[in-house]
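Two complexes, one shared chain (subunit A), two partners (subunit B, subunit C).
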Partner chain A sequence: MTNKAQLSKAQVSRESFGRMIWKRTLGGVGVKLALTWVGILVIAAVFAPFLANSMPLIMSKDGEVSMPVLRYLDTEDAAVLAAFVTLIGLWLLPMHLKLRSWLMWIVGVTAAVAVLASLMLKPPQLIIYDDFRTAAYTEVDWRLMPPIPYAPTDYLRDQRALPLQAPSIQHWLGTEENGGDVLSRMIHASRIALSIGIVATSIAMVIGVIIGGFMGYFSGLVDMIGMRLVEVFESIPTLFLLLTFVAFFGRSLYMMMIIIGVTSWSGYARYIRAEFLKLRKQDYVQAAVASGLPLRSILFRHMLPNGVAPLLVAMSFGVAAAILAEATLSFLGLGLVDAPSWGQMLNQAVKSATFNWWMAVFPGGAIFMTVFAYTLIGEAFRDAIDPTLARATGVN
Partner chain B sequence: MLTYLVRRLLLMIPTLLGITIVVFAVMALSPGGVGAQLATETMDMKPQERQAIMDYYNKRYGLDQPAPVQYLRWLNNVSPIGFTVNNDGSLGTFSFTKGMDLGDSFHYGRPVSDILAERIPITLLLNVITIPLIYVLAIAIGVKAATDRGGRFDVGSSVIMLALWAIPTMLAGVLLLGFFANVQQWHWFPTAGIGSRAAQDMPFMPHWGSLWDVGLLFLGVILGTGLAVWLSRWDEVKKRALVSGGVGALIGLWMAAAHAEHVWFNWIALPVLGAAIGYGLGKMPSFAWRVATLGIIGTGMGIVLATQLMGPGFVRGFLFDRIWHLVLPIICLSYGGFAALAKLTRTSLLENLSSDYARTARAKGLSDKDVLWKHVFRNSLLPLITVTAGLLPSLLSGSLIVENIFSINGMGQLAVEAVKSRDREMVLSITWISGFLTLVGYLIADLLYTLVDPRVSYD
Partner chain C sequence: MSDLLLDVRDLHTYLRTGEETIKAVDGISYQIKRGETFCLVGESGSGKSISALSVMRLLPAAIASHPAGEIVFQQENLLTLPDAALRRIRGSRIAMIFQEPMTSLNPVLSIGAQIMEALQLHNPGLSTAEAEERTIKALEQVQLPNARRRVRDFPHQLSGGQRQRVMIAMALACEPELLIADEPTTALDVTVQAEILRLMRELQESTGMSLLFITHDFGVVAEMAHQVGVMQQGKLVEKGVTEQVLRQPQHAYTQQLLAAVPENLARQAGRIRGDNPSLTLPISKEGTSTSADSALSLARGDQAGVSPLIEVKNLKVWFPIKKGLFRHTVDHVKAVDDVSFELPKGGIVALVGESGCGKTTLGRAILQLEQPTSGSVKMRGTELVGLSAKALQPWRGRMQIAFQDPQSSLNPRLLVETTLTEPMKVHDIGNNAEERLELAGDALERVQLKRDFLWRYPHEFSGGQRQRIGLARALVLNPAFIVCDEITSALDVSVQAEILQLLLAIRAERDLTLLFVTHNIGVVEYLSDWTMVMYQGKIVERGPTAQVCGDPQDAYTQKLLAGVPRLDKVA
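On to the complex of A and B.
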């Protein structure tokens, strides 16, 4: 208490709590590196078709300038680009929006662009990559190729090069058993990893918060039934539950997101339940109940904001776990069928007759770095919001 | 205590029911249902044969009935008390002694219980070796890191533990298998399985061609360990570090020479790495740690040297063969849990070391050692015990990956196969058994709690 008296008014920080947490999180070197890695991944995922593709980005032939890469963009590419541009735009523009309007903007613009793109964009069904190495594309006035001039599913059939080449000048990270470029496949796979990580965790969190919120708020019978449900989902080894879900349902990207989300909500539910059990007898909650607010408002506008910071920590760890889950499923041969993913590339490394280190080290390293980065961010964030450390900054 | 135990055991029943209902619902809701796989597997049979098989399964498992009825039938078969089932598939009388029937595997065509009886011991063997290993190593490193707070060992081990924790099991497995069990690289360990076929005919213990070979091995171990311990006792830090760094460089050179191909990168990187590790180990200020690490390396080198000089006539024996096969899978299975537990031990010890009772003990004039081992240590074990419960499911999941990589025919491998072939009986049985093991793990953790902390009681 003497501490408090010594603090003059000028010394008490006037920053908002959120900004302070953010500053404290960014303090360490490790977190900065981790955020940089995640940033690189985001860039790679968003601009994948422009970073690694077989067709020229822009070329001029007989005085006519064309951009072949745009012709082959599909709806997914357009939606991802739209979401990214909206996010950057909202961040840079001097608008002070609430979290909810942020989300509405991003989702709205992305959905609109996706619908437009699915109507307007008609990428060819069958792409013959060999064509891009014929005279029609090579004998031009000038052209600009992507930094990695190979598409992920371009198996270089015309080049007669042997598959499974070690890293070289042409293929920076080597080629896999069909002859595809490993780096190109990794860049396109980062999109799967990131999107599954974020979407699956969001699904898990929404389910967990709703179930946990009801359990904590109503307690009694609802709580008992809910806890049994949580226990059920906790005592089946997650990986096994995932395997069952994936094997018996389809294996599309969106199905995988839902499945990973549906199998990993129990931790969030447990946490929110404990928090709400504490909060439900608080005066301000009782006041909200007494003034006749609807249940939705009591739960999510009054109670939830008090427990949201640790939830974000859990989310950071959750993203790491979801990325790992997807990689493991792909590794066990139950992942996506046609699209390249890091886990599936690692599986290829084991299943091939000879051990080719570049097929194990690079995709495996990418999984490791991503999981490590999200873990570091989560740890730093947890340390930042730890109330025992808050004393040092004059908060209490 | 007994009532508590009975209540906990009874509470397991709804959870187990819930687990099987969830998994059964997933299977029943999936497109094509359980029968889809059966229909494709019997594709190449004659129509009558196919019909006969379908009829048999329909009668035995009621596959043509609605899903809830199918589930109840399965439940009746599995539960130790229930209705007996007649040969034509109809229910008989209620009986308390009919026993459990896990059904037949659709895929293997054998009783599920027989297959499980072959597979479960292998997975349990892996886990039974792993768990104590994890705990011993984690507690040793955690205690050392906590007593050396902020020091070089603490910071270094924290970073390494965090990195180890983040390495996916599959990456570690693939790399270990690729580098240390591969003819192209170092073929030191076997590639697959947990025992070679030849070991079936060997005696249990290893034996040697002549007494001279045994003597040689003995001499190697004594000499290697003795030299290493003598080195670690040397007082002059600089010389000690230089000597052990030199030994490390020698080991690195030997590894480069032992590689199947002549790679120039190995000839540079490995000796440098070996020298750095040796130098670091020699520089360690803690005497006990120096003796332990250098001693183990010395013993290993002695054994390797002795085996190089030995004559023929050495038979590995069943035990040695098994150990040799288990080295890589166990490393793979243990490093992740070990890293997590070491971090947990460290934080828990630090929390207790800065608490009031530890300060009181220190103020009484007790030595740091007494404060640590007699006062703080036991209290710091509590969070470790809490995570034991979660350790078992994660190890089961881990052995799923490890068994897949190292082609070990355990329960994890079986689970993947069963799920891929939509083997209903097998999937359900594996699910409830692993769920049951997990619940037992929780129960054991709670009981251990009372042992370590007398304040907790469940009566």
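On to the complex of A and C.
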């Protein structure tokens, strides 16, 4: 009987730990604003095709209901949607899974959906946006358009819209030099900004934590070899490597992610190494060794959570740096060809003969806000994860 | 009352932290006469240091306030004195020395420059040459060897004891009338402490200054004080002539504190050195003969005894000193240098020595936490040195360690429950999570903690509670052997007494073998059956505790034991 009571208490305690951290992270006003901004970005990135597109979301013509937008969804859209739905599902469903199974679920579902989508979805290679403004799509019983009825690459040739229009009722954030809608392009670009930041930093983190962890824990020869490796990678200029790869292998977002990730792990490795060198001598780590705990547990359970604080801050800067790297590349005109990105939009703002403030302010502001938001979140998380800083409120 | 130097009347010191106000000092009164030593003694948090800092008005005004009371130093109330007037008194008429000699000197100035600065500040007419001469004199006064040459030394070139001497020289350079010493010897080794205490007594005699001495150690009180005040939670619960307070304590708290001093614990248990050697080997059911035999084997360092639990033979742990471009080894630090001994089953063996003698390294080398350079460590006849991590795994559960520092001995990110159950899971103790939880709860109860402490984080506990949890972590694996590495030296004396009694009880019921690493001779006398004295990586003396402590043969052991401040040495 008492045993039962204790077990249920264990569940409560385990479950509430994550919530406690979450609650404490959310403590400040700044971090709430930052999370709101990132939340807006996530929504924009996931639902970009539904938020800004030239085709109707749903329409009824001659009694036949169809969803044109679905026909034009590609594998990437489907995968992003699947990941998002899984994440929300795991969040809401009353399942108490560990972080590892969370990640497994998300990666698994996303991969499965991506494979299925690539087999089943056959979006048309060429999209003629003018078609959507012909009778086939306009003279219908009823239809629902996206909130921003312009696709990012819809240059409105049929409407002979003037390019480089200042913000108006029709185009909320104005139009760019080809006549594309700036807001629509920014919404679609948020996907690149978010994904390159998170994926590149994750790659760098994983490599950095593993190499740095081994360096710090084993020290000696391992440390010496590791540090030389760090130095080699630190001497590689990321931007020029990216330029070289773009020149040889063409432009690809995934390649960019991998290159940024593979070249920027050295900072994380250094942080983790320094922390581990310090933690290795801590009594509780020695006690873990003396208890014969497996290396995995010593490294990742007893040492990593205690050494992760500087990493979290570095990570938030890393995300920001990756976003900036992509923006820089696009700004230099070496980004993705057709897909819009914030940096490329800034590039357009500079290149045109007149200064078009809306072309500089909105993408530039978005980059600034995103970088700023990640920094705020990183700092709040660092404070929250430290139980010694726990405020008097609600800790046990 | 012209010989009254300092009169503290009804002093209150409140500290604000956030919305809370802590009554750190709550109405204490005492007087110090010229040439007298007044000791404030109490446990951590009793307000003894705060009351001393109040005298110097060194507490930050933003958080500290004195709602009542006055501190009269020669007709002047220090609490209401303007800052300029106070500065003339600070340093020149009242000086202070602190606990931590490592941090109380400025590392970028030579010691001479630091003393000279103080001198010239308080004697504006002094020329540099005169100041230097007086500095050298001050250093000679504190018996720093080669004072004339060492004036230009920097703090890092001095040992802890030498730094504390420099601190005293700096405090005494201006010939103050009152010296406040805040635990000046707590961070020092016993033999160094003895020298510093002797020095302070001599200086007091020659200069006639008064001493306000703050300590937690009743042995030091006995050696130093004329008058003593016992503090508890900001109040002075008892004060009087030292001999009277120590011999016939009136207040319940003083009695309790004195009873907890290891010396007195030992006296109660009837196992003080020299009383009766046979009493010093109280060994459980298995029979006294076994332990007597193994005691002999330990004393001789040979293998004649009955199968020992741990055999250490020619153990060396050398740390290389690397220098130069290619980091070649130029020399070794011989932390443990050719040590051999056996630990009999069910015995408590104390390993005594000063800081840096290699006792901690030896303890860790036995557990294979430190890679021995050479030699052998056998447990139940199995060689442990050189075993792979995998082969060592089953032995890990049988030997455990408990640590000194309650701050770092528990993983701050893990629940106590995880800390306790994870090793059990690795060693297949308990069939399922529920059973392990039950066992972890039992372990907590065994160390006299509540079962529901399982669901808390380490930072929610006091130092003594954490040490208990650390013990529980060692106990959950049902080890045969535990290395206790100074587990009580960071604790208050009453908490220490509880932990020591707990250890004895657990040993009696589980037939545990303990290697108790410590520098505290009182603890050794109370707890251990056998004692090994370590000096510069070697074991210089070993034998039954009564024999080693009562009739030390080695010169170092004799010096060590002579340095221990004892209650019976009332000044």
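Rule of thumb we're sticking to: the second predicted complex is superposed on the first by the 311 of 396 C-alpha atoms of A that agree within 3 Å, B and C clash if a C-alpha of one lies under 4 Å from a C-alpha of the other, contacts with A are read in each partner's own complex, and residues count from 1 in each chain.
To be clear about the criterion, contacts are C-beta pairs under 8 Å (C-beta built on N, C-alpha and C of every residue); 3 or more make two chains touch, one makes a residue touch a chain.
Source: prediction; values computed, not measured.
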*asked:* Quick one: is A:N306 in contact with subunit B, with subunit C, with both, or with neither? Answer first, second, both or neither.
replied: second
_Under the stated touch criterion, which partner chain does A:L376 make contact with: subunit B (first), subunit C (second), both, or neither?_
first
*So, does A:Q286 touch the first partner subunit B, the second partner subunit C, both, or neither?*
second
*asked:* Quick one: is A:P294 in contact with subunit B, with subunit C, with both, or with neither? Answer first, second, both or neither.
replied: second
*Comparing the two partners subunit B and subunit C, which touches a greater set of residues in subunit A*: B
*Partner chain in contact with A:W91 - subunit B first, subunit C second, else both or neither*: neither
*Considering the complex alone, what residue numbers of subunit A touch subunit B?*
228-229, 231-241, 243-245, 247-250, 320, 324, 327-328, 331-334, 343, 346, 349-350, 354-355, 357, 360-361, 364-365, 367-368, 371-372, 375-376, 379
_Interface residues, subunit C side, partner subunit A - complex_ = 364, 367, 369, 389, 392-397, 399-401, 403-405, 408-415, 417, 419, 422-423, 426-427, 434, 437-438, 441, 451-452, 454-457, 459-460, 470, 473-474, 477
*For the subunit A and subunit C complex, residues of the former touching the latter*: 3, 6-7, 9-10, 13, 282-295, 297, 301-302, 305-306, 387-388, 390, 396
*subunit A-touching residues of subunit B, taken from the complex the two chains share*: 14-15, 18-19, 22-23, 26-27, 29-31, 162-163, 165-168, 170-171, 174-175, 177-179, 182, 184-185, 393-394, 396-397, 400-401, 404-405, 415-416, 419-420, 422, 427, 430-431, 434-435, 438-439, 442
